[in-house]
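Chain lettering (A, B and C) follows the sequence in which the chains are written, and residue indices restart at 1 in each chain.
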Amino acid sequence: MEISLSPEQVVAATRPTDSRGQTNRRITNIAPLGEAREGDLSFLGDRKYRKDLATTGASVVLMPRDDAADPGENQLFLYFENPSAALARLCAELEVRLRPRPAPGVHPTAVVAEGVRIPPSATVGPFCVIESGASMGENSILEARAYLGRGSSIGADCRLMPGAIVMDGCRLGKRVIVHAGAVIGADGFGYDSDASGHAKIPQVGGVSVGDDVEIGAGTTVDRARFSQTIIGEGTKIDNLVQIGHNVRIGRHCLICAQVGIAGSTTLEDFVVLGGQVGVAGHLRLGAGSQAGAQSGIGRSLEPRSTVFGSPAVPYLLRQKISILQQRLPDLFRRVDKIEAGLEKAFENPVEKG
Amino acid sequence: MEISLSPEQVVAATRPTDSRGQTNRRITNIAPLGEAREGDLSFLGDRKYRKDLATTGASVVLMPRDDAADPGENQLFLYFENPSAALARLCAELEVRLRPRPAPGVHPTAVVAEGVRIPPSATVGPFCVIESGASMGENSILEARAYLGRGSSIGADCRLMPGAIVMDGCRLGKRVIVHAGAVIGADGFGYDSDASGHAKIPQVGGVSVGDDVEIGAGTTVDRARFSQTIIGEGTKIDNLVQIGHNVRIGRHCLICAQVGIAGSTTLEDFVVLGGQVGVAGHLRLGAGSQAGAQSGIGRSLEPRSTVFGSPAVPYLLRQKISILQQRLPDLFRRVDKIEAGLEKAFENPVEKG
Amino acid sequence: MEISLSPEQVVAATRPTDSRGQTNRRITNIAPLGEAREGDLSFLGDRKYRKDLATTGASVVLMPRDDAADPGENQLFLYFENPSAALARLCAELEVRLRPRPAPGVHPTAVVAEGVRIPPSATVGPFCVIESGASMGENSILEARAYLGRGSSIGADCRLMPGAIVMDGCRLGKRVIVHAGAVIGADGFGYDSDASGHAKIPQVGGVSVGDDVEIGAGTTVDRARFSQTIIGEGTKIDNLVQIGHNVRIGRHCLICAQVGIAGSTTLEDFVVLGGQVGVAGHLRLGAGSQAGAQSGIGRSLEPRSTVFGSPAVPYLLRQKISILQQRLPDLFRRVDKIEAGLEKAFENPVEKG
């Protein structure tokens, strides 16, 4: 990413309440205070990094408005109620410059089935495939080689990144982002098994994705056996996550990388699952429940539960177990010693009595 | 998925032994009894849901033939020896309607190497690439942008879903399904390492996949260092699974999502691995052995073993350990108390004697 | 893979110091001693397989030079200082034959943005997309449908396998291999969350990949929030690994399949992570530290640490814990018995005294 902003452009993008010092350097990078050099912009978000302020080489620093530190030579301090929010505004501005929206229109190499209407505001990149009966909302973007299956629809302002695949019969809401290599709507994993093997159960449902959902690179969301696998509005899913068939995820959940959720499980709203968590099938995780990384959840959770470990138990209990486990060698020795002492005591009671 | 079936069409597809009641509603959805509304078809498969029968809004219910419940108004009950099998027949019928087989032929955008013969019954979708020396069996389908590498072959009635990749030198049997984004035949992870770094060991083997195998979305199966990585007939592999080089999987195994199997390990027939299981390299898992979700298998297993946990131990032992772990805080307190009591007792032996 | 080498070709490729016996069979396969049949080449690398030498059907065997065993009839033994290195030389030779380098040039179906200069020595396969401002080094290869994003660069002798995706603003060094389906430079997983939901934090950094790095199939490496996610020179990453935003991986690390590394964590040089390991964010793993499969690393590690388990603790302690856990049922019984004995003893002190 090539950044080049004048100090004036930084001011315009971040809108500080005040400033001190000055610099004539253009900003070409963003870095933490402890690493920033001349030409870098930095920020004091968390007070624990304030020690780095005296020595930072940053040319521009986004500061909390109540901080009394003095800028160095050729250094500009900009003051904000919330420096992190100011940084976010700057990054949003940079994003528009660095990753401009592709122009509307259908690339001549794209294969669009007969009868599919692409809104003039939408973009369809090279080698995209849009199957019959599919539909795209206004301003939506299919980047290079994205795939939109038969009868599937995506709402307005969606973006399928390069190589993203939405299979047939799926519905995506508005402002949904599907990252590169993700697969929405592959068959669920269902078989009728007996001693001769496993007969495939047809998976004829779809996937329904709410507004403002983001689905990470390489993530897979299986279609329902029938009816819908559901991802609720505002839920964010990281990379390489597996969502089984007929799972129902509520609104505003956060699902970190490499989580796996087995079939027919329900997550209520605002559930947070750490990386590599596994959730068994046919469970219900109550609203606001949270699970630490690598937890293995085998039972339903009450709302606002906080669990950890495999098997998942309440967080504090798991912390205790983890500490006490490390003391197991000592505990075994202590019990050995008690037993030996008692044996000696009660074999020769007179000596003790 | 848009379903629309008349009650007569449901009867024709499911072939009930008997019926009671009647409805004039077309069926537009399938749902569990507890959720089904007018226009839905539902089913009583598991007796534990029988309580929902009285209140279900379903217009058609697939029932076990010995059930005496009465249909409601404008409700049709259809009776079967096995309602689940009847539902599977209906879904198979729906699948044909909802996801029709693409027409045979090679899409004009596909790139097929010189000398490759595509059977007239086969389908090659847009942007597919078929490299030199590859071959396709009768009725096989490459969906959009599937890739078939140099010298690789797929048998009759196979289906590579959109974006599926079969690298060079791989052989797939008949009726194999490779889901979107799966990669068969990437290089194994092998290096000669020393203090200067890691030198790549050439991976010149292939992958051999038996008949009736299904490979999930985003799953990766590495080619052998030499000879073949093998997936046996009838084995079903879920999404985001990693199969290392030179692994040999037997017939009719079930490998759930996000499992990882390290190099040169052998699974005999009918092995079942739960989600996120990890298996170390160079092991043998005996026929019919099973491992619970998130197990970490570091040793070979006898046939019909049932293991769980990380490290994996016999299932019942793991269950006991999990329960006793939660009682560790109590155990430590008990041992503290014993020690304190004994210290007191033997410091003042006269009082006690 | 179809191999066919005369014994003379094997000799030419491996350069033995000596030989005994002879065969007229062409070599069509490579197999371990215990499985090799006529027409196969085998090798005695590890002495533990020497027992298989007497009964192997191999036509050619690569032997350590000090081994005194006699070849059988129609069997050729070739002697080497290091038979494994000889095998590697043979496999390298085979690789060139089996997987020849594609011819240089840009496939007519590729879409290359205006102004991008492709070196004449480079190869761009069918359906590749190269966006504006991207650049490719000499002899680099984009296989079928690889994607190189806006402003991204790859150095000389790189290879993007089919379907590999390098998003915008990424820099790859020389001799980097990106396997099929991998995604370099998707957005990091970062949100500003409050009770109303999660606002996306723009991810405007890139990914910087050093020379001689290999990135496995389906692996995802996220772009930095700002500045760079870094993969150091010579590091090898297996399949389906997740590298979070702003992670910095040192030189010559080995990251096995399905590992997940959360944001802003640093790995120093020569770190080794076993399969399915999870590493929390904002940690530092010291040079040469190693973690066993499925470890969950929640704290920074000193250089040369060896840890195991979830939570990860020193390897030997984890081994002890694992063994003692299996003795927990017995320990609980022992403590029950001690308590019962003591209760009896001190309830009836006279009897004992």
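By our rule, contacts are C-beta pairs under 8 Å (C-beta built on N, C-alpha and C of every residue); 3 or more make two chains touch, one makes a residue touch a chain.
Nothing here was measured: the structure is a model prediction, and the numbers come from that model.
Chemist: What are the chains that chain A and chain B both touch?
Modeler: C
Chemist: Is it true that over half of the residue numbers where chain B touches chain C are used by both copies, so same, or is it different?
Modeler: Under half shared, hence different.
Chemist: Please report how many Å separate the Cα centroid of chain B from that of chain C, as a whole number.
Modeler: Computed from C-alpha means, the inter-chain centre distance equals 25 Å.
Chemist: Pull out every residue in chain A that's touching 2 or more other chains.
Modeler: Residues 109, 127, 145, 163, 181, 218, 240, 258, 276, 310, 325, 331, 335, 338, 342, 353.
Chemist: Quick one: which bits of chain C touch chain B in the complex? Just the residue numbers, please.
Modeler: It is residues 1-3, 29-31, 84-85, 88, 91-92, 94-95, 98-99, 107, 109, 125-127, 144-145, 161-163, 177, 179-181, 212, 214, 216-218, 234, 236, 238-240, 251-252, 254, 256-258, 275-276, 293-294, 309-310, 322, 325-326, 328-329, 331-332, 335, 338-339, 342, 346, 349, 353 of chain C that touch chain B.
Chemist: For the complex, give me every residue of chain C touching chain A.
Modeler: My answer: residues 109, 111, 127, 129, 145, 147, 149-151, 163, 165, 167-169, 181, 183, 186-187, 189, 191-193, 197-198, 200-206, 218, 220, 222, 225-227, 240, 242, 244, 258, 260, 262, 276, 278, 280, 296, 298, 310-311, 313, 317, 320-321, 324-325, 327, 331, 334-335, 338, 341-342, 345, 352-353.
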